[in-house]
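Structures are listed in the sections that come next.
Both complexes below contain chain A, partnered by chain B and then by chain C.
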Partner chain A sequence: MRLPTFLRRLFLFLSSLALLAFLTPAANADGPKDAEVVQEFFSNGSGHTNNWAVLVCTSRFWFNYRHIANTLSMYRTVKRLGIPDSNIILMLGDDVACNPRNKFPATVFNNAARLLDLYGENVEVDYRGYEVTVENFIRMLTGRVAADTPRSKRLLSDDRSNILVYMTGHGGNEFLKFQDAEEISAFDLADAFRQMWEKRRYNEMLFMIDTCQANTMYSKIMSPNILATGSSELGESSYSVTKPILQHHPDWDIGVAVIDSYTYYNLEFLENIDMSSTKSLKDLFDSYDAEKIKSTPGIRSDLFRRPLDQVRVTDFFGSVQRVELTPTRYNLTAAENASSESYLLEK
Partner chain B sequence: MPWKKLPSCIILFLALAYPVQSKLSGQKDSFQEDLLISPLKDGKLLAHFQFTTLVDAGGLDGKDGRYAHYGLFPKSIGQIIDHHRVQELHLTFTQGRWQYEDWGYPVAQSAGTGVELWAWMKSDDSIESNWRSLTNTLSGLFCASLNFIDDTLTSQPELSFRPEGAKNSYNHNEKMREGTEVRYGILPHENVCTENLTPWIKLLPCKSKAGIATLLNAHKLYDTNYHSMAIHIRPVCQDANCTSQSLELVQTVTSVLDPVRESGRRDWSFSSLFGREIQSACPVSDRSTVTLLLPPDEHEYQLTPSYDTITERTAQLERPMAVYNLSQHTEPLNLQMKWNEDQFSYPLQTSKPRVYAHKYMTGYGHERGGVTVNIFNNMNESQDISYFDSVPWFLKLYLHTLEVSVLGKVNIQQNGKFRAMSVCLDKLNKASNLGYLDIVQDLYYQPAVDRSRPQVLEMKLRLPPDSVTAVSIEFDKVFLKYTEHRPDANRGFDVGPAVITTLLPAGDDNMASTVLELVANRQVSSLTLDTHTRQNTKVYTEILLASLPTPDFSMPYNVITLTCTVIALFFGSIFNLLIREFKVTEDEVEEKKHDEKGDTPDSS
Partner chain C sequence: MPDSTKRLVIASVWAVVLLGLPLWWKTTAVYRAQLPFSQIDSWAERKACQLSFPSTFVIHLASIADGEPQAHNRPLDFAVIQETITSNVNNRLSSTNARECVEFPLHVNIQNWPITSDMSNLLRHTEPSNSKQVISKYDIFIAPQLPAPTTSKLAHVQLGDDRSIVVTLREWTTSDIEEASSAVIAAIVKGERERVRSIACDSELTERSNLDGARTMKFSPTYQMTFSLMNGNPDSLQVDWDIEAAVNTYLKPFISEVSLVSNFTVDSQIQHYADLAVTPQFMEREKLPSYYYLTPQTLPHFINSAEWNLASTISSYPTINFILYIPAADKTPLRIHDDKGESVLCERQPLRSNAFLIPRWGGIAIKNPPKTASGKLEFSKEDLKPFMEIFVAQLRGLIGIHDLKKTMSSLESSYEISLAPTPQTAVTVIEMDAVVKQRIAENVVNSIATLKSLAQLVMDIPNMVVLDHIRTEVQLSLDSLNQACQALQQEDYLKALQHSIHAIERSEKAFFDPTMVSMLYFPDEHKYAIYMPLFVPVSVPLIMAVIKQLKEYKKEKREQKIKAE
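Moving on, here comes the complex of A and B:
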């Protein structure tokens, strides 16, 4: 017997409803299972959700042009790989672009061939000139800034931020000179990083330093999740690219050295990276050649929990977020044991 | 069939939606952009960019009267002036010095070298914290170290820096500016570079993508003899009775370029000056013009492309004015001017402007010195001026050494003689037939408090006709604590310019500002001044560099090393003298015995 049209339609309607109800997952799935899935998402890879870069040039005066160029080269690299100006703190101890001694106004070059203008049209310097002091640097890192400090001068990182800290200037055995007037010691730096860890201001940190005897600067760091690399060992100086080599020569028009070797060879590697690159930090560190750099670069990875070949270059130098598409929804609630990741400090 | 009714449904929907949308986005604000180019007497070229955004009073207001609705007016500026209760704000970034004797008066109000910030703010209990917060916020916005303008550099002028907006005391009654106070600060040593220009351009509606702002090329702009970038915010009246007001945001870039430096000729074009052409007008602008002040003789030059309109010489305008209306141009504009001469020869005699001044330091050594300002009045009538000088606390001025004297005529070489008459302050009240005694009409002086506030010297002077007046004062230099010196301590400390404010009628040396008023008059009514009336002109002097006694910073280390060495040697010697005694040891005695006996000595 054929059902009347009305009943047939009602039956179809009800059955489709039931099918939908059956197929649609419930809004609240198992609580603990959710947490596991989300935890797995955050623990695969670095677990960071945003990137910050702190780029510091501590030198003043025209003959330290190369330190400004170093810092601006790194600035250009991190911007190119995706970190926005709002997440970059750029500290330049002096202004060389609009310096009356600069033959090419409003430009900074890192190469004698003058192929690339690092200053460009869109640059944002957060701390400049006399503002680059040890106090301002440490206050910015630890977040203990004055109440009136504008947003662009604050490091607003959280516990899921990966931070790149790059410093360059004149340094020595466990100290770095700020503007020829004061110095920051390796202990100060280690304490600042420890405060940052206590306040959960970073997820992982890459500390890069290009000065004379740079590797001593990170010898006192004791906080977890910090990877450090420096340009020269104790007793060695870092050299700038002034010796005539096949590709480049000192820039006679500018009159001073325009870049340091360690940063130069880092950039050679980084210029071949784009946002989709899967190269790891191990590849970067393997590309260091002590003969070319003319000093022995060092790497300290004992505080870093992940093996270096699994750490992508863009985890620190770029702002590449990990995105996973899921067919289900998950509720994020606070974990029961809030500090589930507690690290025992061995030293 | 339903689908046949679809087009009409769509049309009806659009027709209903459009007026709703325009009401939401129809802010009563307007934007104009102007570029003024004027060849100067000494072969240089003045290029003045002016971007004006006008929004009706109440056009920004949301609920509670706070600013909430932003159209063409930039949100970052609106939030700053709203939050800090600012009525008027003037911020200028300048490098180079405006040479009044060669170039006349600048188009917009110029400023001294460095960064100058002055604002009229609502005076309530929080004005000090508002000012501090304002300097910090602006330092973050413009990437400059404005946060260094603290109590030690902030002053409150009494006679100068009056409000320039609707509540301008020169045009309207003073009771309209009750409840507000002025704050002034300057950083003479501040550098200006691309990082300051970038956020400034981002405040414009079209940014650097369209319109006249595309010409702002940092590589060319920072290669000029003088460049000044400013932002001025003030309330203006829409009509003569000031029944309706608007909030005006004026962004200007004034630069003096030198084509002669490159080629020896005065020829220029947009591509040679700025490296670019103007592709199109900014689509949201009401008026987009390029105005060119032409040389008086039209056979001296050739201009391509030809102008849209020209205003011939009038009583107000001594040179013809050519205008290019960019909204009517479809092709990119690359203005070119070629001069019919082989090479530019500098004029031997130039006419001087009416009022200008020079400031310099006197004295020698690191203990004391003096400051003198020579004010030149080139007119045949006496002129009232306001003199303002804010001297930092580390140069301690002595008011009893203040001297105001008339040195002689402006063109001294015509006289051949040098006549000087000194008049001291305490003789002012004595009547005399010299006629120069009433030079100083009024005097305000704020003494400095160490490390807390600067000293401010303000005077109302009546300059005699055709004279050079010298204002001089002496000071002692402070011996600073060694931590207060800057990292480059041997450079010295900068002292800001003296500011001379005077009312001058429009004239030959003030033509550029007349031109802008004329251009503006045609289209939009802002606070316009009839060119016959006097304009408030500010003349800035040079900045100075004071060399304070600088300690030798290596000495603490040297002293410690030397003292420790001396103490170690002294202590060591005395200790040895007191405690040390010489004894003959048994080993030596036994050795002698063994030697005498002839045995080999023990090697234990």
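Moving on, here comes the complex of A and C:
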């Protein structure tokens, strides 16, 4: 039965009113609403607002080419995933790119196929050569730098920074060798982290170390919110250069090993990640295969409060910041007597 | 050699050893100035001084002089009204879990306010009792709505720009006066109390999930504001802007208002070839212009950190970045979709302001160049006005200002609220008062925590050198804390803010002093390994000599005994 015309029109009118009511945006898009909006974008609960990366290569000399390559590979990864140079502290103990023994000058490769030059145009090394010392490292971590230290050499993290600390070089049972002249012990490292926690210089930290007997290096850490992973257990090491075990493969043209196994397999996983990836650290750790790496990687998560399957890889390796949409603007009028003198403006 | 000489020689060598031992111990001890540990502990346990954030409200009750209906001239019992208002406010604001770490004393005074029956522009008649504009001291002027009620709600509340509030009541009864006063006082005070309480009292875990705390920049006496104009592709369009004039005209008043708490240095830059790291999607629409858009999920990756150089080496102050992005020609117009949920037509709407904020970092606004633009696009001061408005809105959020309109929104159901607009300074005094209180609480709490960490560190590492100037800084910091707390109790917020800033600066200076790096870890085995090769070979003949002498002495004694018998 067809409705009488006026009822049909009434029905249309009312339904279009209802539609309009749905479509009208809310008048006050203010704080609490922004907060709800924000929760959707960022709900994995780490509470960090910025990311830092401290990448340290402690070795010197040409035959430690692979340590420089390790560190530069991690540098490239964190930069690709979004951490800006101002938040990366790169410490390279030696300059192999311009070493006279380098057959391909001004390049550093991490692969025998030499497909990717890690030492490209956009590399910013903060501590170089002889500046990489235990004292500088600890001063940088704890913030007790000399007053004239430039900004790029300072770790300006705060209580909502997630920090990735990656170290590589030659190590042993609870120590790591710096520049063939000194060493840092696991106690010193644990102490430095404890001081960082006391002053709330980090929110969460991922400590990654690729050396011989690396897992001993994080055994003394006691501060909360630190997740540690190392490349080899106590007793796993090799000093033989002719038959490298931890070294992954040499490049016969360059003449030395170009990457370490642990870092190589980490990079294999990380190269498949981009900025928006939601893969978790559990996925990364599950991809470790002790047979392929030829040593037993270790993971220490007892101090870390979040379960690993809820921690995204980009929480440490990338820089995914929360955003809040700005729905309204604040009405301004021009100031009277706006003088032409600038207010503390620097050109 | 006669025995006595031998023994004298051995005894003298041992005397040197025994005298030298304490001398060596004293001279190789690490210099440690004595820090006032007990004071630091008492501050850490909040026993040293009770933090209090008092507020004073002076209520002026109108009494109309010229011959008016009796209703409006009934004498009112000020004392009773004061009592009722105070207890009402306290009832409304008492939290369920009363934590004693912070106090919020409330002082309410009632005064007579003689006025004429000419109600036009009441605000002009008001004379604030504090002509020097003391922080946290407010005047509430209450008058009846004459000659006729102007609103259907209980009262009309006008918030002025100088800590004065005018409330005109529909009905002039004692209960209405009390109700209106308590409601207004409670609304003003509630938000700031909650925030100060959460800063001062909350445990760390609850603080983690606090979005306000995550957005607000950590306190710093100076911030560096950087304005960046990013041009997506200068091949099609070159851009320039008169940022200096825009900042001077639109931002300078705001900056000078906020300089009470923090200073700002401003610099700007233009960057070309600023590619995006994310690819916008294309939205095709019939009958309406189509556009490119970015979803809110892709916005966290908007900043192309690898290519855009936003770092600044000018200073070590925390940086607040404001970016104005001009998309490349093949990506215009570029809009941001909001997240209002799926509407009936299954379409998200582009955000009108085209801007978003990154907590503790800064803000971004996207400007699509007009279709007719070609060659060079210059932004004059007036062109930049809408963006300055966006940036000011974002900056307010980043430095912790809470919108007054939102604060008073809880009253809107029963009262009609009107706020004096502040289009020049972009911040009202009531908002600034709240920021001052929050920063004082933040600084006091952080400096106490820093001093406690310092004390902990010094006690845990017995080998660490503690020089005199560290002790001086710690002492000065504790003094500043004391003075800040006392100033708070006397309701002198300006002084309290200064002292709290000094306290945090000094405590950080002491904590981050370059001499506070502990010596590297020396296990006991190392100490033995150093001293043993020096002292063991020397001590062997000494000890053997003493033992030999003792044996001879015993032998002699026995012989003498035998001889005596």
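Basically, the second predicted complex is superposed on the first by the 266 of 347 C-alpha atoms of A that agree within 3 Å, B and C clash if a C-alpha of one lies under 4 Å from a C-alpha of the other, contacts with A are read in each partner's own complex, and residues count from 1 in each chain.
Basically, a contact is a pair of C-beta atoms (placed from the backbone, for glycine too) under 8 Å apart; a residue touches a chain by one contact, two chains touch by 3 or more.
Model, not experiment: these values are computed from the prediction.
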item	value
Partner chain(s) touched by A:Ala181 [first = chain B, second = chain C, both, neither]	first
Touched partner set for A:Ser319, first chain B, second chain C, both or neither	second
Touched partner set for A:Thr296, first chain B, second chain C, both or neither	neither
Contacts of A:Arg151 with chain B and chain C, given as first, second, both or neither	both
Which superposed partner A:Ser277 touches (first chain B, second chain C, both, neither)	neither
Partner chain in contact with A:Asn122 - chain B first, chain C second, else both or neither	both
Contact breadth on chain A, by residue count: chain C or chain B	C
Which of chain B and chain C A:Ser287 touches, first, second, both or neither	neither
First, second, both or neither for A:Lys79, with chain B first and chain C second	second
Chain B/chain C common contact set on chain A	122, 146, 150-152
Residue numbers on chain B that touch chain A, as the complex places them	95, 132-133, 136-137, 139-141, 143-145, 147-148, 190-195, 198-199, 208, 218-219, 221-223, 486-488, 553
In the complex with chain A, residue positions of chain C that touch it	208-209, 211, 214-215, 218, 244-245, 247-250, 252-253, 255, 264-268, 277, 296-303, 305-306, 309-316, 318, 336, 338-340, 343-345, 349, 351-353, 355-361, 363, 365, 385-386, 388-390, 392-394, 396-397, 402-403, 405-406, 409, 421, 423-424, 426, 449-450, 453, 456-457, 461, 511-518, 520-521
Chain A to chain B touching residues, read off their complex	60-61, 95, 97-98, 104-107, 119-126, 128-131, 146, 148-153, 178-181
Interface residues, chain A side, partner chain C - complex	19, 22-23, 25-26, 28, 30-31, 35, 37-38, 40-42, 45, 47, 49-50, 79-80, 82-86, 122, 134-135, 138-139, 142-147, 150-152, 154, 156, 158-160, 184-185, 187-188, 191, 195, 198-200, 275-276, 319-336, 338-340, 342-347
